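There are two complexes below, and they share subunit A, which is joined by subunit B in the first and by subunit C in the second.
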Partner chain A sequence: MVKNPVLLVLVVAALAAAIVLSFLSHAPNRLLSGQPVPWGVVLEGWRSLAFAPALVLLAGPFLPNGRITHGLVALAASALIAGMIWLAGDVARSMADAAAPAARTSFGGAFWILAVMAALAASDALQKLTREPALRIGLALLLAVPAVFLVADGFIDALSIMKEYANRHAVFAAAVTTHLAIIAAMLVPTLAIGLPLGLLVHRRQGLGRPIFAVLNIIQTVPSIALFGLLIAPLAALVAFAPALARLGISGIGVTPAIIALTLYSLLPIVRSTAAGLAAVPTAAIEAARGIGMTRGQIFRAVEVPLALPVLVAGLRVTVVQAVGLTAVAALIGAGGLGAIIFQGLNASAIDLVMLGVVPLVGIAVLADLALKLAGAMLKARTG
Partner chain B sequence: MIRFEHVGKDYAGWTAIEDLSLTVEKGEFCVLIGPSGSGKTTTLKMINRLIEHDRGRILFEGAEIRSFAPEELRRRMGYAIQSIGLFPHWTVEENIGAVPKLLGWPRAKIRDRVTELLEMLTLDPERYRARYPRHLSGGEQQRIGVARALAANPSVLLMDEPFGALDPVTRDTLQAEMLRIQAASGTTVVLVTHDIDEAIRLASRIVILEGGRIAQSGSPREILAAPANDFVADFVGRSDRGLRLLAAERVGDRMRRGETAVGEPLTVDASLREALSLFVARNVDRLPVQDGSGALIGAIRLADLVRPPPSEAAP
Partner chain C sequence: MRRIDPLIPAAIALVALVLGMPALKPLFAWMFPDQARPLYEQDSFLSLTLDHLSLVGISSAVSVVVGVAVAIFVTRPSGRAFRPLAETLTAAGQTFPPIAVLAIAVPLLGFGPLPALIALALYGLLPVTEATVAGIEQVPAGVREAARGIGMSPTGILARVELPLAAPVIVAGIRTSVIINIGTAAIASTVGVKTLGLPIIVGLSGFNTAYVLQGALVVGLLAAVVDLAFDRLGGFLGRWNRDRVAKTA
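Let's look at the complex of A and B:
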């Protein structure tokens, strides 16, 4: 009867959200909490056609498993997200005409949950459609095109989240740049310390235990505590050597953020480096020795390439983890998307929070996809 | 070419090889054989310094092996390891071309050599060249391992059970190919095996190891004719010993030149064991013999298998 239980769960959750939560809410200004826009208004007339793809998703769990079903589900999910964005934009525009300029129309809980469920349904369908990671990632990007196009083309400019964006797009762009810069900056010390440490753990088995013990302890310190713990010593250091301050180092801001992120990232990097090297077949290393490769040649031509897929998997965990942790680092003044989120939380402006959260999720998903693709391509070569 | 002088090796205080002395002459086909754990792999690996010996001396072309850089020594000796150990991230072509590349051969020469080796090992070059090891059967991988060892025309070939994973027909083909390569190139071969029949077929000299010592060393015929002790006698097979003795000799050694017989001829290179099989299968006691080019050159009688023919009949 039920052919795809995963999709069924997603559909049920989406239906529940649609019944309990509102699709859009409307408030006289950005600081007052909004009133739900009734479904009757949202689905007025031919607008409701935007939800037509949902019918395919409703039927999806009961259709026979096959390429056609999975393809239809993926397309319907993509069409539903685009349709909902378009619909929300249309409703918001019609309401904006009637109300005062300060009035705000926002996405409601039902929109977010339906969008997430549809994205998960598409991801599930793509996973079942093809085992080829490159193809899957390509299709996923293709399916995201309609939604991205609608947003980029201004269809939802009447919605509160886009108004927040319009008000601070310079700040937003700077936040995204800072966020990415912090992650890029933390990768330098992470790799510079983590890779040799992983190699050391692999070469000297005895050192593995103490090194991992320390890294595990660091990992268990809550992120806010670790950020906080770094403030005092760094401030003391700068007080002791004021020259450091001129280099931009201080107890708060980017410096402690990069140090803390590096400390967190060492565990997955060291672990995956050591695991990758340990997974290199001993027979291949022995054969390499036997045919007269030097230690350096064996390391470069055999060990590194064979360890790389596992290492890239570790890098993926590290980067995705760092995208989230960098948001928390905004608490100690590092900036980035976290700053926008916390600003929104302080002002109880949920759309401002979402303006930080949506790109955060987007960056995490893109980083995950890119490194997954890199890993799959490496794996295809090494087997 | 290779000389062991009172060589010993300990693993954590336990003696794996004891007082091993052995000389392998240039162009010799030396087969190390013995039960599992008798030290065959250890002996082989000491030759190219994958394992360092603890006592005695090992000489290569008259010089102590410790006077060579290990990498240089290994590049001059082809090596096929027991567990094959192909590089999983390299294609068949890159695997086979590994040593020539280390030696800095030009690309085109490596490519030609790979083609030649694949053909020699009965693998279609165009089908196999670009494949990765994980897409090969166990036997195919083993052949690529052998090709990698042969690639740079080494003066010494060290092979650890190179035909273990092959079906009898392929093994037979490759053994014949091995003999042909060795005869044509004059390479010195040291090969490890578990299989006494393989040893008899390939070896110019068999070295039987038992618990890290040499139990007996000599030509297949010498060992089969006079096993040094009960262990060797058991090892070469008490009831099959006669048949194996026949396997160790060629028809050419016992034939009567100029004599004639009727029927499908044997070749001079066939073993006496094959001759016996044909006598029984054809229900005859006399068979014609031809040379490699197919010309009839004589005959062999059933009784000649037991006793060499009178010398006036020999050439």
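Let's look at the complex of A and C:
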């Protein structure tokens, strides 16, 4: 009877969330906690059609397994997310009252959980549709287009999170830029130190243990502690050599952030460089030597291309980790999306927190997908 | 000469630092002459450490129980259909920055220790589940067959073959989970939870680098001691497994 138990569990969880939690909440202003908007108001009249794709998902667990069912489920999940975004925007617009300009309508718990369940249903369907990782990632991005279009085109501008955005879009753009710039800046010393260190570990086996022991201990230190530990020495250094201050180096801000991020990033980069080089088959190196290639040629033409997919996997771990750590670096004045999150937490302004969290997660997920795609393509090329 | 295990001096240093921080007041006064209050005295470091450890301990216990249970379920024939979902969730969940999980939990559940506890337990689940699935998967099919051949029940195979052989990998997953939780618990001080992150947060907002240094030293040392202890436990379990195999062979 039940053909797809996974989808059934997702549907049941979504229904439970819809019953217990609210889809939207409405508050007199941005700092007060909102009252749930009743489902009767949300689903008034023909608006409820936005939930039509949910019927496919409700039927999905009982449909015969096959390409058509999986395709339908993936499309319905995408349509449901877009429909819910449109619906939330429409309800928020209709609840807006010129007499109470400070009133806010926010996404409720049910919206987020329904969206996550729909995304998981789509991911499950895509996994059943194709085993090709590159194709799966491409289809997933395609399915996200309607939702992104609705947000970008202003359909939900009446919602509180977009009002927070409108109030500080200059600050928001600067925060995103700073966040990305810190990660890019961190990659320069990370690769400059990590790649040679990984090569060294590969060539001199005895050095592996002590190097990994040190990098492992660094990785263990909580981020907030490492950021904190760098402040005093850097401040002392700048006091000792004031010329450094003119270069923009100081005990708080971007300098300690980049140093700490580099220290954290060395472990995955060194480990994946060494592992990638170690995984190169000896037969491939022997064959290259057999046709008369020099050591340098073998390194460039055989070892590096074959080690690259493993290195990219390490880079993925590094970048995803750095996206989150950079948010913590806002505590030492590095700016970025963390600054928006902590500002929201301090003011108890939930939607301001979300304005920082949603793009933070988005950047992490996109970086993860992009580097996964790069890894899959490299692997396909070296086959 | 036998080398001393670094765990022992690190643990002694941690205990000494937690209990003896007030004795270091003159040192911090000398290091930070401009600071009127060179020592964090609002709470004792002992109570902060105990609060920190109980937050991490309770959340990690929940993560381990639920994470191992989920992993056992998806590696049984009845739960195999859920394996891709579990893998998607653990992989996608780990791209979520811990700070984001914490920041979402607070507005949804309120300020205080409970939302932090739930956020930590949820996030800590992912490495435990991932490692337990990997650990059970790497048990050689031949070993499982042999256990079935001598008439062991599926529960017996799980309890006496699969879980013991997977134990070193599971412990590695728990180690990752606990270390991440120690760090995230420190950040939880930004949402009003009393942990070792508090002196750091208070120091950062009040421009008191001495406070920052004191909190960072204790929490950094705590993480290192816990990590070294897990390292020893993993090594012990590996040896224990080899001895068991040697005995039965």
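Operating definition for what follows: the second predicted complex is superposed on the first by the 377 of 383 C-alpha atoms of A that agree within 3 Å, B and C clash if a C-alpha of one lies under 4 Å from a C-alpha of the other, contacts with A are read in each partner's own complex, and residues count from 1 in each chain.
Just so it is clear, contacts are C-beta pairs under 8 Å (C-beta built on N, C-alpha and C of every residue); 3 or more make two chains touch, one makes a residue touch a chain.
Predicted model only: the values in this text are computed from it and were never measured.
A.B. asks: Touch check for A:N216: first (subunit B), second (subunit C), both, or neither?
C.D. replies: A:N216 contacts subunit C only, not subunit B.
A.B. asks: Of the two partners subunit B and subunit C, which one touches more residues belonging to subunit A?
C.D. replies: Touching more residues of subunit A than the other partner does is C.
A.B. asks: Just subunit B (first), just subunit C (second), both, or neither: which does A:A284 touch?
C.D. replies: Only subunit B; A:A284 stays clear of subunit C.
A.B. asks: Determine, under the contact definition given at the top, whether A:A166 touches first (subunit B), second (subunit C), both, or neither.
C.D. replies: Neither: A:A166 stays clear of subunit B and subunit C.
A.B. asks: Touch test for A:V302: subunit B only (first), subunit C only (second), both, or neither?
C.D. replies: First partner only.
A.B. asks: With both complexes superposed on chain A, which partner does A:I224 reach: first (subunit B), second (subunit C), both or neither?
C.D. replies: second
A.B. asks: Contacts for A:L32 in the overlay, against subunit B (first) and subunit C (second): which applies, first, second, both or neither?
C.D. replies: In the superposed model, A:L32 contacts neither subunit B nor subunit C.
A.B. asks: Subunit A residues touched by both subunit B and subunit C?
C.D. replies: none
A.B. asks: List the residues on subunit A that touch subunit C in their complex, please.
C.D. replies: Contact set of subunit A toward subunit C: 4-6, 9-10, 109, 120, 123-124, 127, 216-217, 220-226, 228-229, 231-232, 235, 251, 320, 323-325, 327-328, 331-332, 338, 341-342, 344-345, 348, 350, 353-354, 356-357, 360-361, 364-365, 368.
A.B. asks: Which bits of subunit B are touching subunit A when the two form their complex?
C.D. replies: My answer: residues 48, 50, 70-75, 78-79, 81, 83-89, 98-99, 102, 132-134, 145, 148-149.
A.B. asks: Show me the residue ranges of subunit A that touch subunit B in the complex, using the header's touch definition.
C.D. replies: These residues of subunit A touch subunit B: 281, 283-294, 297, 301-302, 305-306, 381-383.
A.B. asks: Can you list the subunit C residues touching subunit A in their complex?
C.D. replies: It is residues 31, 81-82, 84-85, 88-89, 92, 94-100, 103-104, 106-108, 111, 179, 182-183, 186-187, 190-191, 197, 200-201, 203-204, 209, 212-213, 215-217, 219-220, 223-224, 227 of subunit C that touch subunit A.
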